[in-house]
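Two complexes, one shared chain (subunit A), two partners (subunit B, subunit C).
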Partner chain A sequence: MSDKKKKSNANIDTVDSSSSYEVASQYKLMWWKFKKHKAAMIAVPVLIIMYLICMCCEFFAPALPLERYKDYKDTAPTRIHLWDDDGNFVGPFVYGLERYTDPYTFRKSYVESDQIIKLGFFVRGSEYGVFGSNLKWDVHFFGVKLPEGEEPGGHNVFFLMGTDSLGRDVFSRILSGGRISLSFCLVSVAFTVIIGLTLGGLSGYLGGVVDTIVQRAIDLIMSIPGIPMWMALAAALPSTMSNLKKYFLMSLIMSLIGWTGLARVTRGKLLSLREEDFVIAARMCGSSHMRVIFKHMLPSFLSYIIVSVTGSIPGTILGETTLSFLGLGLQAPTVSWGTLLQDCQTVDSMAATPWLMFPALFIIVSVLCFCFMGDGLRDAADPYK
Partner chain B sequence: MLLNYILKRLLQLIPLLIAVSILIFIIIQLPPGDYLTTYIIQLETSGLEVNQSEIINLTKQYGLDKPMYQQYLYWMKNIITKLDFGRSFQWNQTVLSLLQQRLPATISISLLSLVVTWAIAIPVGIVSATHQYSGFDYFFQFFGFIGMSCPAFLLALASVFILFKLTGQSLTGLNSAAFVNAPMSWAKFVDMLPRLLLVIFIIAISQTAGMIRSMRAMLLDELQKQYVITARAKGVKEKKLLWKYPIRMAINPQVSTIGWVLPGLIGGEMIVSTVLSLPTMGPLVKRALTNQDMYLAGSYLLIVSVLTVIGTLISDILLAIVDPRIKFGGVSE
Partner chain C sequence: MENKYTNPIIEVKNLKKYFPITSGFFKKTVGYVKAVDNIDMYINEGETLALVGESGCGKTTLGRCILQAIKPTSGSVLFNNKENKQVELTTMPYSQLRDTRRDMQMIFQDPYASLDPRMTVLNIISEPLICHHLMGPAERREYVKELMVTVGLNPRHLERYPHAFSGGQRQRIGIARALATKPRFVVCDEAVAALDVSVQAQVLNLLMDLQEKMNLSYLFISHDLGVVSHISDRVGVMYVGHMVELADTVKLFARPMHPYTEALLSAKPVADPRNKSRRIMLEGDVANPAHLPSGCPFHPRCRYAKDICKEQLPEWRELEPGHYVACHCAQDLQLHGMRGYEK
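Up next is the complex of A and B:
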């Protein structure tokens, strides 16, 4: 309340920018501080775009994740051209692909033919249900412009990042995998917040026996190496379990091990706040425990919780992709960035089809963005520093 | 005084270790069915006759007909008194013999990675802090972000792939095909060295990144403090000033977090060695987990957890030696 008053005062007085710093609200200060972190200011829009694209992956992908182009297995990424061989501007197009067998090694590959296939935005493609509903739509954000009456899946093809050994479009699968991998870390973090806040809060606010028990539990979990523990718990999930169930249980497993950090932060902050004058004053005025916690204490350590939570997201993404890669996490036909990378486990397969490593790029970019965002938030959390 | 502190910490460890072992026992009991049913199914699918008396023997030996808590006590009793970790049904060997074959390599790789992590992170952190915003600093910040954002299995895959492209050699496994079954010799060691170094560096990189960051941040904090300015004003040589106080202060948190770095290294070792199919515990445990060969998996979990706990204890003791301000009996914030 007082913040708002101060702000309106500042407006009335029309003070210059240097002194408005002194009267700006806490959130305004945080925003200013966050804005100074350039990497974070780039990371946040990138993340938002990634989430939006992966959320509507059927629309943004030119093909469906499980759709097979039987005649185009292990195709290298198609090159996009703007000018034809004679130097005339055609607009974005790709050349058709012809199968070519090396006369010496008998290795099959594809070479460009003379056929020009035009690309375009908002093109007709394979039919999909909008957000998994029964509402069918066949418009894709970009892809080949199919001639009137031709069905998708023919020889007018375009693979931005190549195809895998079953002839599925890698780029479309990456977007679809991103939906799983990127949402997975949020679900897991939600579980972490629930467990960590509850246990850390109880431990810090109540103290005594509860505190001791929670602290010992944290010691216990932190003394067991996380990755082997994840693997053991993930392996205990029965293989017959439905994919959706597995998805939620896997994220729960991640948070069962990951909640300790958040609980420590919460407990530490609560312990120090418990003795603050304003909390004691609130208690003296007859506020209930709940009111003291949520009205008076929570706002003053919310920022630290957000920092701690964003800090745990990169680890979750890395954990999920690692487990899925090793075949212990989400399993095919569920598409996640980790399961996609299973296709390049050996040096031979990497040498023959290096484009199957594209999912790695997406993992690195998303983790990096979360790291930068976490850094920016950490700076912003304490704007008075 | 120090001895008292160590004894006290050792006593505190006992309940923790008991709790760890109970938790691990519960985890390895989670999959439906017990070891024997898995074993019998395996025998049957491979077409072998199931020997009834052997099964009765095994049931007795591991107390599988007893209630859960007694099974746990059996498990612990066998481990403590006879070093009997149970049987791996998949390999048809005792877990102990498997551990003897592979655990030394796992532990040495993890410890060497710890050494490499420190050997890189501390000096780089110091130089990055003293030469803040220099080219060196930016390079290692970039390197740090890559190390943090690239999962270990990907680093392993990528480096093997790149080395394959450059040298035409596939550096998976600890030895090239010619040496795999050869007895230990100088030639074998020379053959092993580049592969070993690669593995150690891959494992170390992800941990190094975080450590460089924290070392740099701590030292930067220290360097801004009044006592540094005072000492500089009084004419203390820059090098002496740096080594005498700020670096010692900045290293403390690194020492105290060995207990957190160690689990990361062990996990990293497990993943990297699985990807590169090294003859260590990693691939073994992964297979044990997928095939529910739970005595093997459980023993591995138990051993690495105990090692982590001991590592934490050592780091606490080291901290008490390095930093005299640590109040014995309780760690002051």
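Up next is the complex of A and C:
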């Protein structure tokens, strides 16, 4: 290179930063497009908060999921007050509860007494192990302010969403169940991705006999009605199995049925990508097979995989709930949103203790959020179209 | 042509590419689409051979078969490598083929599809360099900048993504990528068809300049006769997978020997209002490559067809030195060439 040329090269060395659009990578373009989707932009923080709270459910819940308040069965949600009867501001508090028996129906319920129980943040409560470890801690995010020396579980009680028939705090159980239900769908989707990507990838890349076998297998699995299939597989699990094992096996069962959609998407994408000019161009440049697959093909269908995966999460949450509700999935004492809903299987319990339906609200919110997020991702998935 | 076989960089012998047609549950093969059928040709070092023909006649498939982007069904493709040894490409193992790709590259037709939208220009152009382990990252960067200047791109746009470029600029990126490893043979698959006319001229001149500088050989696939007459030394005419005529550009344009070539040339408009059109309208449709007519594939549309044309596939023969044709009646016909070329 001549000196003159070197000089001119040095001058133009300053890489242009004129417009960020021109130097924006795929993920940046996707993010810009995703940001325009308002529902998704609300759904994502909601989901993050839900996951965080459920992850640290012992801390955020005022009580422990299996802790029983024997004197307070089927309590309705407690009202939170700020002003006392005379109109003086006290701060958040609840009134104490007294048992009241209806003289005509003999139905037991609770009425508010005059006793003022103050609520507070970061209060002392039942002891728990931090993240299931042996490290004990007794501070809860919020709850009743216990007088010095009084043990939790007495008569200073507060139930945000009522209690169930055994006197357990429903709100605390929902948070604890969320930990299972929300993580379950991720574990199950992880299995789905492994099976779906492998089989779909093999089917699309190898073609021929493998392709035919995998595709016919998918047809077969798709034609089996879902719930009876789950029932059969769940019935095959021995009832003596530990809860952890059951949790993983259940998620595996869910993914054994759910992988078909993902495999189809993967195969179709691979088939069409294989013929794309830029993939042929990569081969013409002398790329190895591995480089073609991982450097050129994978990035361009990764976004579709992400979309497909987020789209299948709501189905998994609902599937787990359905199975547990029917008594086929996770079972008590494991707490999940599905097992919680088992308590309101009768019309009777629904009429008398409607607050046991609160888990459904959480299911709806999380499913909706995942749907919105999936929607936003789908819109953003291919920023080049 | 005096330099026949002096130094062919590519020699194609009996090349065939049949795509199977499958049907039914078990994907039984019920027939073949004969995209490329029994083609013989060679390309000399430093020469531009143009391939012309209607859409769907197998030009692109032939180009891709030569570069082994598509595995040909049978036949042989000999490539004269750096050590001046002829190597067979069709049976070469993938890893060896990868090394050979340094010397042969491809420019694609569609500049929108041929660039990976997820890579920056720097990465796209340096891809062949990375694959062949040439140069370090810093050196590569400088070299890519130089290449961008060569093809007429602003080297400041190094970090941009393809979506920030126009069609013409993208095509230049594709050209820069193809030239990065300093190949000796380049297949230009309708390299200028997607560009508007002013840009076409620029790119064509660029390609010709580079040919002079780097002694490149081109296989120039096109359906634009004007472009072909401008750039090529020799022209091959294809009709549904068959090569029907191959000759020097001037010779072929002045005195074609195959009726199809005559019809093709007559379709090119001449910029002279006094000129009476003598366009030959071909009757019927292009033959279906899955069900070729018997004998000469062109006979149903040929106005000179005789009985023999319906029965026998014409032989590929060298009628005059360097002038190949596949027609039974070639020596008996007096066909019209393109105006301006006729003496």
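Note that the second predicted complex is superposed on the first by the 355 of 385 C-alpha atoms of A that agree within 3 Å, B and C clash if a C-alpha of one lies under 4 Å from a C-alpha of the other, contacts with A are read in each partner's own complex, and residues count from 1 in each chain.
Just so it is clear, a residue touches a chain if its C-beta (ideal position, glycine included) is under 8 Å from a C-beta of that chain, and two chains touch if they have at least 3 such contacts.
Predicted model, so just to flag it, every value in this text is computed and none were measured.
Student: Pick one for A:L66: touches subunit B only (first), subunit C only (second), both, or neither.
Tutor: It touches nothing on subunit B or subunit C.
Student: Pick one for A:I280: touches subunit B only (first), subunit C only (second), both, or neither.
Tutor: Only subunit C; A:I280 stays clear of subunit B.
Student: Kindly classify A:T212 by the partners it touches after superposition: subunit B alone (first), subunit C alone (second), both, or neither?
Tutor: Second partner only, subunit C.
Student: For A:L341, decide between first (touching subunit B), second (touching subunit C), both and neither.
Tutor: After superposition on chain A, A:L341 lies in contact with subunit B alone.
Student: Where does A:I48 make contact in the superposed view: on subunit B (first), on subunit C (second), on both, or on neither?
Tutor: In the superposition, A:I48 contacts neither subunit B nor subunit C.
Student: On subunit A, which stretch or stretches are contacted by subunit B in one complex as well as by subunit C in the other?
Tutor: Dual-contact residues (subunit A): none.
Student: Along subunit C, where are the residues that touch subunit A in the complex?
Tutor: 26-27, 64, 67, 69, 94-95, 98-99, 101-102, 105-106, 108-110, 113-118, 120, 127-128, 131-132, 142, 145-146, 154-161, 163-164, 174, 177, 181
Student: Over in the complex, which subunit A residues touch subunit C? Could you list them?
Tutor: 1, 9, 12, 14-16, 19, 21-26, 29, 212, 276-278, 280-289, 291, 296, 299-300, 384
Student: Going by the contact rule set out above, which residues of subunit A touch subunit B in the complex?
Tutor: Interface residues on subunit A, with respect to subunit B: 216, 219-220, 222-229, 231-236, 238, 314, 318, 321-322, 325-328, 341, 344-345, 347, 350-351, 354, 357, 360, 363-364, 367-368, 371.
Student: Under the stated contact criterion, what part of subunit B meets subunit A in this complex?
Tutor: 15-16, 19-20, 23-24, 27-28, 30-32, 145-146, 148-154, 157-158, 160-161, 164-165, 170, 172, 259-260, 262-264, 266-268, 270-271, 274-275, 285-286, 289-290, 292, 297, 300-301, 304-305, 308-309, 312
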